[in-house]
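Both of the next two complexes hold subunit A, though its partner changes from subunit B to subunit C.
On to the complex of A and B.
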């Protein structure tokens, strides 16, 4: 299903971009907000938005959303 | 750290030992049942007689008022702890029942146990394998369900019978009564491991403890007797009930011991069961409530705890305060926004404690001399040694003589005192604001109509509460943090919650649009609202324009560029209104740009002051100018009426054509809709366009002196639509998003043809409110009217509860110093507040106009 471009919900205009962070990037985020992974918001591993990202438990996903006021805004979720 | 503190802690501990209270930290709470063993162990006295006092009026030993259970008479000492009245909190006693009694509150559980265990061996009625499969913590229900159909015990092969509950407290097995003795015997045999499966923590409770053989007697402090004026003693309801229990129990004992016939014993046992049941709960449906001799029912233990008047909601959750008042509110546009009008009778009841110093001594002496019954007076005086003395004619002179620095005088409210004003439901912080007192005649609280919005108040009988802070700190806090001017900007979107409303807007609109005054008139108006600086007014042939009069209220160096409601520029330079008309968009609530501009530039006090003066100016202008709305406002020229009629006819023809095409099957369906839906949508579109068009025509032909139009234009009240509905046509009534649907077979009312789809039969009202509606139009109008009425009545409580849950769920979220939103466990909810980091309370409607800010800053440089 995911290889069919049209049915891939990641390409839908209402689904914000999900990016898996590398370990270094993840470490930077944790440091920046001074949090442990437990204190981050969560996302399920089988979440449809994560298909094809190969995200495993403990990965941090960056979600880039569009806001009407400031343009792009980042949100982070840890995969559970 | 520990070592350094240790001696201090030791000292604390020593101090604690000297006090009668011991401080302990609660680490956990476990709920369970009281075993007979515990009841006996905790009891300080065994109660054996229903007598209360002996001939000297001293409590009888072993009676219900036994001094070992605590004391309620001053002078006596508790025999258990030697404490006096109020030192001793009381101790429990117990009585032993001659026969076991079923606790009424545990009957459902007992029934469950009886149904799911074997009548012979008391093991669970399901096989061991099935027990293993049971989920942990699923409670007793699943066991009972799976054992309900079992006829033979899987363990001892005994035959099982159905156990029924004959309400309120008799268990029947195969039409044979099970006595509490038998029930208890069965429950006793249930093994601990099976008890766990039935959903009970066997360490804390055993099923047989639900059948009472001992009853704890609550301490007398829990059921104090009252001494009536006649010197007679009146006992508490619980004492009466316990007396009945003890008496019947003793008789039961005597009868059993003397070998009375079983019938008599049975009767007494049943009576005892009744008394114990009504002692716990006197509101049970199947049982006649136990009553006093006067016929009023006794208040049982359950009633003491349960419901609104119970211990939780009334005593623990219900917080009551002194120095508070509640009254009906009414409007007074002449008082300021941050004032509240208080009736004199209230001002003489509520007081402010005033510390006597050498500087206010004489003034306070004067107040005390007025006494409690003359207005600026004093109700109580606390002398320097802390004694409270009431001020009246007899004590007055002595109190004045002894008044010295250090005393505290509770004086009546005076103008300018700080009060806290509140209207329920208090949904946001503007629901409680601090106002300055203004003592007025009359009997209602008066408030400026401008503050109705934050309180969500109107004057159809609303009541509000007033509190008087009693300490200097509380007053300072209220004045600095809670006063009306501090709440002008709403934290939810950064817009002003208060502003000019109704007539105040209309007044300013007329004033700044076309009015001119003579010098005398202008001065008169301005002076009546408290403005005496008229230096800024420019006279042109002895006349002054309304704009200049308005400018007299503005700060001298105010620069402002804004827009009026219809988009035209409003320009203020150096405190003078140069161009533009003042209306809702500049001074109204929520979008009063001018109000916010003054507020941010000149601060709270100037802000609220200017708002108040603009408000009063509007009213004063209307008072002078004269303003009313009348029937002739809705008059239309004949030719317009004819034109409207033609327009309606044309549209009706169009609708007819549409319907014809539909009937012939030629109408094409819109995407996602059926043909019928398409037709409905098209017709609705046509009819709504018709209404708008006629609305515009009405608007075009209305003259400038039309008051209704003036109100709509200024934004004070009403819209063009309202005017059109009054003068031209009411338009299509919509119910549930569409036209009125069939109520009878294929038609809305029996006067129409079946299958009629024309506007008339579907709730289109071609009459105006002025002309009057014909019967079927009236009916359709009532339909939509009733629907909206129901809608508000049903939706208000629902949305209120929804909001409450939302507020409770979000209440301890907080924006941390790093900009993240976190909960109390420091878990991140948002990485930047709102995704954009905008503090909405500092924004304007959720956005920040950077361009305007830059422009303003550049102008200043």
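On to the complex of A and C.
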């Protein structure tokens, strides 16, 4: 494994792209799906895939999955 | 033109848009036709969406249930390649969905970087580097010399040759672990670090010595180079991602294990979700069965929605249900009911099972929406007047 273990985790074939959403983007998403943060699926703050994003409690993470059924699709998790 | 349409129909999934683009290019459609194609595809897409209120959980359960009856039961056999046993079939599927901490047959698939994956000799070499070799594997005899108070180790030359281990390597690895090692011509001996050690400590030392790692990766008991999809990979029994990834030539971007919790720990919850899908799909395909991947994806989503892997068991996702009655319906009903009555829990009867128990309208499908009507303006006034009249009439009748 190379020196920086962080980038390696994000490059692994099982790990989809994680993006931290800004406040405004998060508000749009919550409105679009008509949900509260509490109702979203969760992701732990210590999750290895979040290294380098410095996400804090309550942030919404957009995950761009590559699914066999629809191609690229977005999934949202809230940091707990 | 095409871009405008893609923007207009951005709700369409990626795959469909790509397919349309491909067809447009191949058939050289006119802009009118492209519009028609998009409209028709959008219509079909809307129709094929799941209807609100559909009980998808039950559909998933049924889709797994029927093919599950045809799966092989409790087989612990050699899968395809020799020398490596794997749990397959229903028992493996149960293992995945119950989220067992350690799979009964841990396995790691090690892919190699392109440079290393063509030559079988280098592959064997890397495989030998991965395999765990403890002192016990290269020793003919351990003996405790009580008079001189030391453990004497006679090495096995044949075993050492087979495993490609030298005497120096053995001594080095013992010294690395802070053992007091000395070498003679015929054997090596180890003294206890503590001067006042008792006899019991000497025996403990002997047992400890047996487990000392000479080379390789801890936990990997078997290695097997296998050809898969045009390239060689190394199948390892046992799971240890971090240490294997450190070995030169190993492609750390593609190393996977069937230990879901280890995946979640090293690569995060999303990777674990992908692995749940991959592993269960493998089992199902192996059996020659066909379950739609959407069901598996749905299950994987449910299992990972809390940020950690939770099995479909009474301690897993079922324990998170809000309703007491729903929890009691799954397993250990008395425990749940007693606990709820002691703590004074309230059941709002919001979900399905409770309402089935109580013979009420179930909030699924057509039972989900309620009729809500809002009256405005004159209509409202007329209605409220009627209501008042009714009340008055009723009052009179009572009298």
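Definition applied: the second predicted complex is superposed on the first by the 74 of 80 C-alpha atoms of A that agree within 3 Å, B and C clash if a C-alpha of one lies under 4 Å from a C-alpha of the other, contacts with A are read in each partner's own complex, and residues count from 1 in each chain.
Everything that follows uses one rule, which is that a residue touches a chain if its C-beta (ideal position, glycine included) is under 8 Å from a C-beta of that chain, and two chains touch if they have at least 3 such contacts.
Just so it is clear, the model here is predicted, and its values are computed rather than measured.
**Q** Please indicate which partner A:43 is in contact with in the superposed arrangement: first for subunit B, second for subunit C, both, or neither.
**A** Second partner only.
**Q** With both complexes overlaid on chain A, does A:80 touch subunit B (first), subunit C (second), both or neither?
**A** A:80 contacts subunit C only, not subunit B.
**Q** In the overlaid three-chain picture, which partner chain does A:55 touch, first (subunit B) or second (subunit C), both, or neither?
**A** Neither partner.
**Q** Taking the superposition on A as described, I'd like to know which of subunit B and subunit C A:11 touches: first, second, both or neither.
**A** second
**Q** Under the stated touch criterion, name the partner, subunit B or subunit C, that contacts more residues in subunit A.
**A** C
**Q** Examine A:67 and indicate which partner it touches, taking first as subunit B and second as subunit C; both and neither are also allowed.
**A** Touch partners of A:67: subunit B and subunit C.
**Q** Counting only touches as set out at the top, which of subunit B and subunit C does A:34 meet: first, second, both, neither?
**A** Only subunit B is touched by A:34; subunit C is not.
**Q** Taking the contacts subunit A makes with subunit B in one complex and with subunit C in the other, which residues are shared?
**A** In subunit A, residues 41, 65, 67, 69-70, 73 are touched by subunit B and also by subunit C.
**Q** Mind listing the subunit B positions that touch subunit A in their complex?
**A** Contact set of subunit B toward subunit A: 818, 820, 822, 825-832, 835-838, 846-848.
**Q** Along subunit A, where are the residues that touch subunit C in the complex?
**A** Spelled out, the residues of subunit A in touch with subunit C are 1, 8-9, 11-16, 18, 41-44, 47-50, 63, 65, 67-73, 77, 80.
**Q** Of all residues in subunit C, which touch subunit A in the complex?
**A** Listed in rising order, the residues are 13-16, 18, 242, 245-246, 252-256, 263, 265-271, 274-275, 293-294, 297, 301, 304-308.
**Q** In the complex formed with subunit B, which residues of subunit A make contact?
**A** 33-35, 38-41, 65, 67, 69-70, 73-76
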